[in-house]
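Next, two complexes with chain A in common: one pairs it with chain B, the other with chain C.
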Partner chain A sequence: MVDEKRLRDEVKKTISRDDVKYVVGYEKGTYGFQATPCFAYKPEDADKFIFSPLCVHNLAVFPMLEEKPPLRKGEEPDTRKIGVVVKGCDSRAIVQIIQEKGLDREKVVIIGIPCTGVIDPKKIKDKFPGHIKNVEVKDEDDKFIITVDGKTQKIPKEELMPDKCKTCEYPTPVLYDILIGKEIKSTKKEGYDEVASFEKKSLKDRWDYWEKQFEKCIRCYACRNACPLCYCKECMVDQLNPQWVRRSVNLSENTAWNLLRAFHLAGRCIGCGQCERACPMDIPLMKLNKKIEKEIKEMFEYIPGINAEEKPLLAMFKPDDPEEFIL
Partner chain B sequence: MDKMILSKSDFPKVITEIIKKNNVYAPVKNNDTIIFDQIKKPSEMNLDFCNSKVPPKKLLFHQTETLFKFTPGTKAKIESVDINENNVIFGIRPCDAKSLAILDHAFQGDFEDPYFLKRRKNTILIGLSCNKPELNCFCTSFDDSPASSKYVDILFTDIGDKYYVEIKNDKGKQLTKNISNLLKPATENDTKKRKEVEQKAINMISRHQKTEGIAYKLDKIFENPYWKKVAFKCVGCGTCTYLCPTCHCFDIQDETTLTKGARVRVWDTCMNPEYTLQASGYNPRPARTNRVRNRVYHKYNYYPKNYDVIACVGCGRCIDLCPVNIDIIDVVTRAGEVKP
Partner chain C sequence: MKDKFEPNIIGFLCNWCSYAGADLAGTSRIQYPPNLKVIRVMCSGRVNPIFVINALQQGADGVLIGGCHPGDCHYERGNYLARRRMAILKKLLEYTGIDPNRVRMTWVSAAEGNKFAEVVKEVTEDIRKLGPMQHFKRENKW
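Presenting the complex of A and B:
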């Protein structure tokens, strides 16, 4: 369990600094199994901060979402830092963005939390359907302790964790200024078992599968907006001249969007799974991301979001890079 | 209004009969997701659901609608699109049916929208009472009921081993003419049972929104910093609006190839930075705060002022599916408490 008091104390200390604008963390949500992003501008705002296995959001998205309205005459830009509470996977997003020079290391205060796995919101909703008032979730070794309306249950983590946590190799943030608690070493390994078994299917079966999935897409772009690494100033699908992807929502354009999104994250996706979590239509987007991640790992021995000093994959070249795919 | 009873064993026959002469849309399962889609036989339906992911508004107000087709160039030819289908939506929930009545105001207001209105005229709504409202359902906050028959042509209510069928109007009567031999008049006991089922469902609804005087209140807090707080965690996706049964903003685009073109209308969302962006480059809603506020005001201020009805039916979709837990029940209730 994370020491929430220490978290709140550190957030208070951080927000008290003159060079910090605000800190983004988590608070209790408005219903059921919900935690929600929240912002502290003053030390007392930190009192509502929590951390539990319900804190599924990748808050690294918020520094990237910050709007910079044009300055009025004589107005100085606010260059203070933003504090962000991160889990292992979230920190990798920050590293990747810093690597790409999307964010200045000096502009963030990273409050790291060694993570022991979160709960998949869809899985827990299926496990506890219906009307839930009071919820408390803790974790203990390999079990989640879930108290719903006074009744406590211990449920094996395997049952409720999203797939990304089951194979997480970086539970401790890879980059941080403050660490809440002790470092955790992972014994898990990403074996890409699901990708491998999917690859065995025939081309027709795979295509049919994705057609069925992309048919559902409503192009709300929740996948893009929840993704910390989708931070282009103007997304290619929003461009009108030229219009790369049409606004029509049909299988062809939906497929174009979903594949473009996945490819644009090649060598950049750090596997936090926000796209899949945010998708209201339950499209298994991580399957696409993981496939690309696997190929890149096998071909270039490259893992994104580990070292902020390293060059991004698509910005480097080694003479012995494989090139069998070049026709 | 006719109150009838249909045994569950005869139910598939009824649907089969309706399919013969109409395009029938009903809830179906695509992987694990419930959506409304056209069915060819009754077994394709899935009635074990609270609400479909995408509201059935999509069947009348298509996400992508071809308004007309044309050939580009100097000798342009324009070809209109014919909307002439007989549609039946089976299994629409009372809240979603109400949303269509709310949309009527927008589509037959200052300008008549032939696409929506023609489809609306040609569509028969067979409602299905909601016996198991979920956590974020709050239709009762608008004095409605999960078993309201107000906005449908026929309402089915599952009362255990049979359906209680209320035929509301001529449209409904016309549709059930061929199957009248399968329907028996409801007894007093059946009516009692239907009331019990409805009351049970109402009692299950645990969340409520305070909407009293909200339109008037919102007038006073337009510039309040409260909206900034609400919008801060918004990531700006279109989930809440696309999945809202009453949201109806759209964008119009020409989609052309070298030889043919079409003017299409697609759903738009006020969460999109491009929404209301003017050709001059000026945008009256430049920040997320403006856009998040617009969603709330459109439903709880502009609509009540223009049409005397709140443009929210309490289906709970935007709450269920918001990736950052922006909760309209909470947002509106707290807006009521903000000091102007």
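Presenting the complex of A and C:
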């Protein structure tokens, strides 16, 4: 259980600093099982900050979303820092962005929270259907204590956690300035069981599966917008000249988009699962991401988002990289 | 006459080695299948995976990428970077159910006209066996 009072105090302290512009954190949502990202510009704003297993969002997107309009004559650029409240997986996204030099380490204040697993919004919606208010969720060892309209229920974590939390190896933030609570050692291990079982299917079965999935895609690009690592100024699908992927929604273009999205995250995806959470059509995008994660771990012994000093995977090479596929 | 499937293969050949190798195969009058349509790139490292997927979308049945031998790259490291990229792309295609043999990579130096002809023969035969690429072809061509 995270000490929310300590979190608010630390946010207050951070926002009171002169060199901090704002802090991004979570607040209670308006209805149902929701927590929404919120911003604190003044010390008073920190009182609404919460942290519960409902805080699924990866707030590492926000420092990258900030608009930098051209400066007026004589105007000084705003060099103040941004504070971000992060969980274990979110901190890896920040490490990865820093590694790619997308963000300066000096420009962020990282408030880390050791996380014991969040609740998958899609799974909890199935369990508690309808328009629900008055919800409280707490976290106890291996159970979530959920109180709906005064009735308390204990549900094992396994049932409600997203798949990424079941195999999370980094519950404690990798990089932080302030840590709320104690560090947690992970006992879980990423075995890529789902990927391995899918690999055993025949080529035809695999294509039949993905054909169905990609046909569902409506190309809303929610996966891209929720992803902390998709921060290109102009995405290749928005490009008009040359237009690599057309805007029509059909199997061909959807496949191209989904394959290229997965490829562009090769060696960068830290598995926070935001793409899958944001997907309105329930396409299992993490299955693609995990496959690439598994392959690069096997082929290049590389794990993204751990070491900010290392070079990005596709910007370096070793002379003895695997090349059995080359004629 | 029976309609026989003739594979359509796009070749991205690097200017300094593979393209010169293809040229040597031509000037030495070595026979190789005419199914390969060559696009010259300055380096195999220039080949963006988007090119490969776009080629497959637009009716190519296979893609061949030719680069210099490791260590011989004109730009010192372009082919090493391409090798990493293509290793991942092939795994990704295989995972989504597209035969990874449709995307091939080869090292051909400027002196290996024979090897170039051999490679093109092998790739063409492989793709002939796989049949036309029908997974995610673009419907309307313009």
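General observations
One rule holds in what follows: the second predicted complex is superposed on the first by the 324 of 327 C-alpha atoms of A that agree within 3 Å, B and C clash if a C-alpha of one lies under 4 Å from a C-alpha of the other, contacts with A are read in each partner's own complex, and residues count from 1 in each chain.
The rule is short, and it goes like this: a residue touches a chain if its C-beta (ideal position, glycine included) is under 8 Å from a C-beta of that chain, and two chains touch if they have at least 3 such contacts.
None of these values were measured; they are calculated from a predicted model.
Of the two partner chains, chain B is the only one touched by A:61; chain C is not.
Touch criterion met: A:218 reaches chain B, while chain C stays clear of it.
Within the superposed three-chain model, A:36 lies in touch with chain B and out of touch with chain C [touch as defined at top].
By the document's definition of touching, of the two partners only chain B reaches A:131; chain C does not. Judged by the touch definition given at the top, the superposed model places A:232 against neither chain B nor chain C. In the superposed model, A:250 lies in contact with both chain B and chain C. Contacts of A:196 after superposition on the shared chain: neither chain B nor chain C is touched. Legend: residue contacts after superposition of the two complexes on their common chain; A:277 is shown touching chain B, with no touch to chain C. Taken together, the two complexes place residues 246, 250 of chain A in contact with chain B and also with chain C. Those residues of chain A that touch chain C in the complex are listed here as 198-199, 203-211, 214, 236, 244, 246, 250-253, 255-256, 259-260, 262-263, 266-267, 288, 291-292, 295-296, 299-300, 313-315, 317, 319, 321-323, 325-327. For chain B in complex with chain A, the residues that touch the partner chain are 30-33, 35, 53-54, 63-64, 134-136, 204, 206-207, 232-233, 235-239, 242-243, 251, 253, 255, 264, 266-267, 269, 272-274, 286-288, 319, 321, 323-325, 327, 329-330.
By the touch rule above, chain A contacts chain B in their complex via residues 29-32, 34-39, 57, 61-62, 65, 67, 69, 129-133, 212-213, 215-216, 218-222, 224-226, 238, 246-250, 274, 277-278, 280-282. Contact residues of chain C toward chain A in the complex are 49-50, 53-54, 57, 70-71, 77, 80-81, 83-100, 104-107, 119, 122-123, 135-139.
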